[in-house]
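First up is the structure itself, then whatever we jot down about it.
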């Protein structure tokens, strides 16, 4: 394991190892804050030198991976932020194929570099991750 | 490296799709063989899902037989919090009869969470 | 069946916060002798059965002079037997709900 | 006002007038029960001889008016039920144009006989209705 | 025939979009002139929206200035429940300064609901 | 900072039901001397300020021997001044959250 830093806290010394994260997002954008927090936390994780394997969208979370939406000028562009986040940091973005079907979303409607896969791929990521953070369906 | 997962349910199974999706998700991630164990824990209002009198057809919603089949066919362990059953007024004899559905105490569930690699609420 | 206002309340009465707000408003309205009906619909029917624990705020609501109804289809869908519902609550079918909505001049949708 | 029926309840006689309803649905389908209840209540209202001006979809409720979704065989087909409901009963279905933009839904993706309009059309309906029932965003 | 509308908000304005959408909806239905009156009532966790310290940019969410402009330009009356402010620890002097934002008691809000033709929670 | 398990709790502590469940589990775990951290995130930060009313269940949670944190960005976004937060809660930034997540072997996402 790669040691990233040594921090001192309450007179104790800690070795900070590189930790591998996976994110799961299950709520739709602009209604709940899950996607926003995922981006905030994701940036902080990468800044500290840890790794994110990828982001998996489940349930109505799949709407978060949709491109080609029209926002008013005062609104944050979440699909663009998400696109920049995964592209700039070389990570994968998967949308659950079952929920793509249930919502009628087509693969070509997903943002750049996103693709649809089954839950098997999520379990593969989980097995390769040290930590999995799940942003639930909201409400 | 995650090997064992716990999914928590708290919400009413008719008002929201959490119960069904927790099982679908649990069955899905267990299907491939990368993980060793997945437990689903029902507490709060979600416990109505495991009553044998649960009957979504009364409001023209889907019968969960497919979801129960998924639950049975996969290696999911489903636990329901005893005190939540009591609050809901569901007796153990009122529970659906599946081998992998078991009643558990708060003590047991607390231990399950400590033992699992990750836990999340759906 | 000559209420002035009917509330359609759709949240589990075990979610304290929302019931708190409804209770505060309805208490005030009944003090002023306004005739109020409350229809527990969706997850609002949760907590009504005497087989289980009736949340204390629901009990407070039931002690006000209001007419409280619960949707039978919503009870049955959750596996709650209408016979076990607190006797201060009248269990109704959709056609009775329609009559209530048609006969009560004002509707508040709290769901 | 058209009198539909005379009912006797607690020894009193009531004249039931024809009442005009409008529905507003603000939650997405298959996650929350709003759309299901709207259909159940709507059927009961029409059976009693009352009228429904239309159904307005707001917020993530607009996803409820989307056609062309792929369900598993054991799932109820909500877009089809909705389509049958409005077609068989000659009522209008509007999806909020602002939220069509925010979600990137296109008018051609809506179910049969649905169209997108602004909130002004909702207020017009409200002004013509005796009762407006709103199914909130859920959660 | 509906002439006056009340929209109720109970949910946190960051965790959920209810506060913003209640105002957007209120302003939208008032724009055409078919309705005479629309009141928006903030209670529960929604009251944080009307604090002058409310600052969604801290979590990279949208500044609500556009929504506040909508609120000002339309004939919306915005009321906030006094007891909810107290629970949240927001003083009247902490509220955003808009002419159409007023503090109201439970007594007043109860009366508003009785007077309005329809009420709904968003 | 050597907890075994960290909870990310994201619901308003004024929504009684969810906090009830967390409290029951964490009480049990701390009785067994397991070292637990709870990070209040999202709407989980609501109810932490001494300027307002601290919900009784949150107070109970704070009286357990657990380390409780609140996300400063979430507090500030809601207009809650971190200085007013109950002193049993430590307000943290995202980089401190990352350290907690990296150093605690197990994470429970309750949001």
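Residue numbering begins at 1 within each chain, and the chains themselves are lettered A, B, C, D, E and F in the order written.
Everything that follows uses one rule, which is that contacts are C-beta pairs under 8 Å (C-beta built on N, C-alpha and C of every residue); 3 or more make two chains touch, one makes a residue touch a chain.
Just so you know, these numbers come straight off a predicted model, no measurement behind them.
Think of each touching pair as a link: the shortest run of links from chain B to chain E has 2 of them.
Common partners of chain E and chain F, by the touch rule above, are A, C. Across the two interfaces under comparison, A-E and B-F, the one joined by more C-beta contacts turns out to be B-F. The greatest centre-to-centre gap from chain A, using C-alpha centroids, is found for C.
Mean C-alpha positions place chain D and chain E at a centre distance of 25 Å.
Rounded to whole angstrom, the centroid-to-centroid distance between chain B and chain C, based on C-alpha atoms, equals 29 Å. Spacing of chain A relative to chain C, judged by their CA centroids, is 41 angstrom. Residue positions 14-17, 44-45, 59, 61, 118, 120-121 of chain E each touch two or more of the other chains.
Counting partner chains per residue, chain C has residues 10, 12, 14, 17, 42, 73, 107, 109, 111 touching two or more of them. In chain D, 30-33, 37, 40, 59, 72, 75, 131-132, 134, 136-139 are the positions where the chain touches two or more neighbouring chains simultaneously.
Viewed as a network of touching protein chains, the structure does not reduce to a path, ring, star or complete graph.
Taken pair by pair, the chains that touch are A-B, A-D, A-E, A-F, B-C, B-D, B-F, C-D, C-E, C-F, D-E, E-F. Those residues of chain A that touch chain E in the complex are listed here as 30-33, 36-37, 39-40, 72, 74-76, 138-139.
Chain contact summary for the complex, chain C toward chain B: residues 10, 12, 14, 42-43, 46, 49-53, 73-74, 76-81, 84.
The touching residues of chain D, counted against chain C in their complex, run 7, 9-10, 12, 14, 16-17, 19, 21, 33-34, 37, 40-41, 43-45, 47-48, 50, 131-136.
Within the complex formed with chain A, the chain E residues making contact are 14-17, 59-63, 65-66. Chain C contributes residues 4-5, 17-18, 20-21, 24-26, 28-29, 32, 34, 106-111 to its touches with chain E in the complex.
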